[in-house]
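Below are two complexes that have subunit A in common, paired first with subunit B and then with subunit C.
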Partner chain A sequence: MDSFSYYSQTVLNGILAGCIYALFAMGLTLIYGVLNFVNFAHGELIMWGAYFLFLFMGEPFGLPLYFAILPALLLTGCLGLAMEYSVFRPIRKANRLTLLIAAMGISVFLRNAAQFFWGAEVRTYGLEVMPGTRFIGLYLTMQQFAIIGVTILCVAGVYLLFFKSRLGKSMRALSDNLDLARISGIDTKRAILAAWVISAVLAGIGGILMALDTNLNPEMGVVNLIKAFAATLIGGVGNLWGALIGGLLIGLAENIGVLFISPGYKDGIAFVIMVLILLARPYVILGERSD
Partner chain B sequence: MDLLLHLCIVVAIYTVFALSLNVEVGYTGLFNFGHVAFFAIGAYTSALLTLAGVPFAWAFVAALFLAGLCGFLLSIPALKLQGDYFGIATLGFGEILRMIFNNEVWLTKGPMGLPGIPRPEFFGIVFDTLPLYLALSAGFALATFAILSFIILSPFGRALKAVRDDETAAEILGKNAYAFKIKSFVIGSVFAGLAGVLWAHYATFISPGDFTLTETILVLLIVVMGGKGTLTGPVVGAVTLIFFQESVRFLRLPPEWTRLLGPLQQMIFGLLLVILMVFRPEGIVREKGGARVD
Partner chain C sequence: MKKLFALLAVFAMIAVLTVPIARAAETVKIGAAFALSGSIAVYGEGFKKCVDLAVEEINAKGGIKGKKIEIVYEDNKSNPKDCVTAVRKLITVDKVPVMFGPAGSSNFMAVAPVAQENKVVLLSAQGAAVGLTKAGDYIFRVFPSDTLQGPYLAKLAMSMGYKKVPVMYVNNDWGLGLKDAFVDAYKKMGGAVTDIIAYDEKKTDYRTELLRASKGNPPAIVNLTYINEGAVQFKQAFEMGIKTQWLCGSAAKAPKMVELAGKAAEGVMGTYPSVSQNTKQYQAFKEAYKKKYGDDKIPIFGDYNYDMVFITAKAIEKGGYTADGIRKALPVVAKGFKGVTGDKTFDAERSPKFAEYGIWIVKDGKIEDYKK
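Moving on to the complex of A and B:
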């Protein structure tokens, strides 16, 4: 492979990874926007999304991939709702430390539950390896086409929902000011539930795409939570489009970064970017949405 | 008898670890989710130095110093973040540090870990038996308790609580909240380093796998369950949870169960955190006085 296509392949891989990070980051930033806290269990929604698909594709269901996706995403959405109903709604008025530790607790519980049922080992969906296709000199598998296609669909869907529908309008109102939204007669409960479902489904889609492209293991949540967070920091917290750009940038930085440093540190690149942003623009967070 | 001594030593080490986290989480309101990083820095520094032939006393000092220094360097960017973000930044730091231990094989032997860490030697006494090691770790636990209690009960400690309860009000009264948070974080890091040193020389073998998020969660649960922001809470939490955790380890269970036992135990810990937060966020020992701003 000549060096030009080598580098363009690297960029392409970066974009592919970035698409998935963008899906994670959009879900994370959405919950932040509406409820004003970082859902530490977001990584576990990613991981469980991927494992739900694994569940439906394996015994006793044995569904083919395309039929298994829908119930898997449905369950992921329900998992998001379950978090809201069982934990976050009862302690909505508690202080932030309480919320955060509870989210951490959920994350620990769900991560180990996955390990309990499926073991700690790395798994795949056991799909046949399909030959990739050459596309303007680049090598792409079907999964990777799917990543790009699905991400575009999700972003379009989120755009329509947020800026063209009443529900989206009420969610945006909520993220501006919860109390003001409530006294203006917006059904805040419904909007919050919708935010949870969307956030969880986006996480599930991202998790499934990632697992299709690589593999799945119970630790995939934590690593990706940090990346999703770095992506939201780049784009400005609570900003959906910022999360999209941030995700792509993190993906690119990781894939281009491993040309220069040991691949063992690939997962650390997002963290370094995060620290650099904080050093360069320390008040990016404090300035906005501080409470 | 050895089992009981072992339990007491682990309790003593985790008491130090929990007390150090309590300074940050309990008294200053810093959501440190990467506390295990400083435990690991203490453990690795002391282990590497003593393995290289440096006397324990110097390795000990170096380990505490390095843990504090890393805490200081991390806190400069990270403490500019508010609550949740600080939590993620510390979580990320914990993960990246483990990555370094795994990858810098020339220094840490990577995932193989460091075997044969010598027992500590102070003033010519080698602490190589269980009762002696218990005396050593209990002594350090008591000293930590005394020093941290002194700090917390001093005006400095009251300022930390003021920063925790209402940062703006503390700033208006002339307290530099950022500086107080950094100091609190450094103190917490130093004592976490101490716990790490005690752990490394007790276990005599460490590997990056010992310093995962799981450890942070355990120590967080100890603090939260015992009662954050209280002097005795972390001690109560350490005794309860370590006895639970370590005694499960000594149950004679069929081998096919043990694979499930680890995750199951962690599930219980996670669930405990959630249940505590929903029903009794203050933990076993309640913080006295002072209106908490909730």
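Moving on to the complex of A and C:
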């Protein structure tokens, strides 16, 4: 492998990791923007999304991959709604600490539930391992191609929804001021439900892509959620573009850093960047946030 | 005053109730903090079966000086926190002078200082981490330390003609210990380590770590990895077109790893502590196991657990039923003791002095013994 391929493959690896982080961070930041709290159970939506696909691909359904994705994402969306109806709606007006602890509780509950149904062992969708295709000196597998493509589609979709549709407008209004939006006649209930569904589906997509690329275990969400938090903070909480850029930045920094310092400090790199940016100036990348 | 009186009355009752029971129980109690629930419960059940088998055999022959052995099992729930709780209960409530510790090096190392502080003997039958017994002189193990596996792996690399290798390892007690043991031995044999790459457990993305290890297209890479991490790594290396001979330790040797990595695991090799099954001790053990449980699938590390019970019983017989007696007697009774898993003589670190190793290789989707 010549040194051009060596470094460009590293950049590609960074983009791949960054896309996954960005998908996670977008869902996280969406709920924060609309409901003003950090959903610590977002990692479990990621994990359950991946396990729902596993469910539909296995017995008794036995659906092929492409047909199983849709019902899996539907169920993930429903899980997001279930969180809202069962826990977050009844305590909507509680203080943020209560919401935070409730979210942590859901997180533990859902992780244990997944362990109960599928066990703690690592699973795989059982797809054949294929060598990557060579592409200007880089190796790229179908799954990785999908990661990049789907992330672009998701970003475009969320952009259109947010800035070009009425629903998106009402969500943005809600994010500015819940009470004001309500008295202006905006259907806040509908907007909140939509935010949950979109956030959960984004999490499900990210989880499925990650599981296709690697494998599944009940801790896959929690482990990567921390990076999504960092991405969200770097980009400015509640800011969609910020989540994307923050995710890519962390993915790239981690992977390029690995070439020069011990990979044992890989996680450290993400958090050093996060702390530096927070110290220098919050929301530095994209300027102001919407509240 | 009334409350105080009530409290005293309760204490008196407890005292009256417990004393005769304690006197009536003329057994030799040994504690066992095993994983009976949680993520590695499947191992714990197997250990228990083999411990029970050994106890039954000793008791059938009259026990220890006429007293029967009784194992007090405590569930350690497969995590370090509950391991400590289980061990504390065995020390303070059951007051055992000797215990069998939990599986998993990090679990065991969490409880070792507790046993040492309370001066209670603690034994491990499956911990391989280099520093496992470093908490103090009450901590023993009957499973060989990786200080022995490291040189064996170095010898394997040299014998296959790999004189320069990068080393990757999982960044924890086990990985670090085995890495150090390997690197030391390898350098002494004239090998050169081109890069050392530590990585964290439970990650999903090891691509750039692998890329860095593969810099300069080394013919072999030493990777001291686990089942899940190994599966992800071999898969990602395969996808990136990295072609090399992987050399691993014992922790990746599992059918699950091959199942997860698919054909990317093909050709992966490694070392593992092996037990010769041709000895008369092993055959007798296998026979007895089959007779009691109806099948001859010996649970993983079950043979080491079986030996551990016998050595402990001998130590109690020789040194008396006190922690200090057992601690002093253990090296004496184990010296030259030929168990199911071979010679159990202890070294100065209270680990087995001798160990045999084998080489495994993944061939056609199965793990086999490698024959040169």
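Worth a mention:
Just so we're on the same page, the second predicted complex is superposed on the first by the 272 of 291 C-alpha atoms of A that agree within 3 Å, B and C clash if a C-alpha of one lies under 4 Å from a C-alpha of the other, contacts with A are read in each partner's own complex, and residues count from 1 in each chain.
Just so we're on the same page, a contact is a pair of C-beta atoms (placed from the backbone, for glycine too) under 8 Å apart; a residue touches a chain by one contact, two chains touch by 3 or more.
In this text, all values refer to a predicted model and were calculated from it rather than measured experimentally.
On the superposed subunit A, the positions of subunit B and subunit C overlap enough to count as a clash.
Residue contacts after overlaying the shared chain place A:F40 against subunit B, while subunit C stays out of touching range.
In the superposition on chain A, A:V223 makes contact with both subunit B and subunit C. With both complexes placed on chain A, subunit A has more residues touched by B than by the other of subunit B and subunit C.
Once the two complexes are overlaid on the shared chain, A:Y6 sits against subunit C while remaining clear of subunit B.
When the shared chain is aligned, subunit B comes close enough to touch A:F271, but subunit C does not.
Once chain A of one complex is fitted onto chain A of the other, the partner contacts of A:Y139 are limited to subunit C, with no touch recorded for subunit B. In the superposition on chain A, A:S262 contacts both subunit B and subunit C. Contacts of A:A113 after superposition: subunit B is touched, whereas subunit C is not reached. In the superposition on chain A, A:E121 makes contact with subunit C only, not with subunit B. Looking at the shared chain after the overlay, A:M130 reaches subunit C, while subunit B stays out of its contact range.
With chain A used to align the two structures, subunit C clashes with subunit B at 109-117, while the other stretches in 55-63, 109-117, 163-171 or 181-189 stay clear. Comparing the two interfaces of subunit A, the one with subunit B and the one with subunit C have residues 120, 223, 262, 264, 267 in common. Interface residues of subunit A facing subunit B in the complex, by the touch rule stated above, are 37-38, 40, 87, 90-91, 93-102, 104-113, 115-116, 119-120, 222-223, 225-226, 229-230, 233, 237, 262, 264-265, 267-268, 270-272, 274-275, 278-279, 282-283, 285-286, 290. The residues of subunit A lying in touch with subunit C in their complex are 1, 6, 9-10, 13-14, 16-17, 20, 120-122, 124, 128-132, 134, 139, 141, 144, 210, 213-215, 217, 219-220, 223-224, 254-256, 258-259, 262-264, 266-267.
Within the complex formed with subunit A, the subunit C residues making contact are 39, 171, 196-200, 202-205, 207-209, 211-212, 214-215, 217, 227-228, 231-232, 235-236, 238-241, 256, 259-264. Of all residues in subunit B, those touching subunit A in their complex are 25, 29, 31, 33, 77-78, 80-85, 87-89, 91-93, 95-96, 99, 102-103, 213-214, 217, 220, 224, 259-260, 262-264, 266-267, 269-274, 276-278, 281, 292-294.
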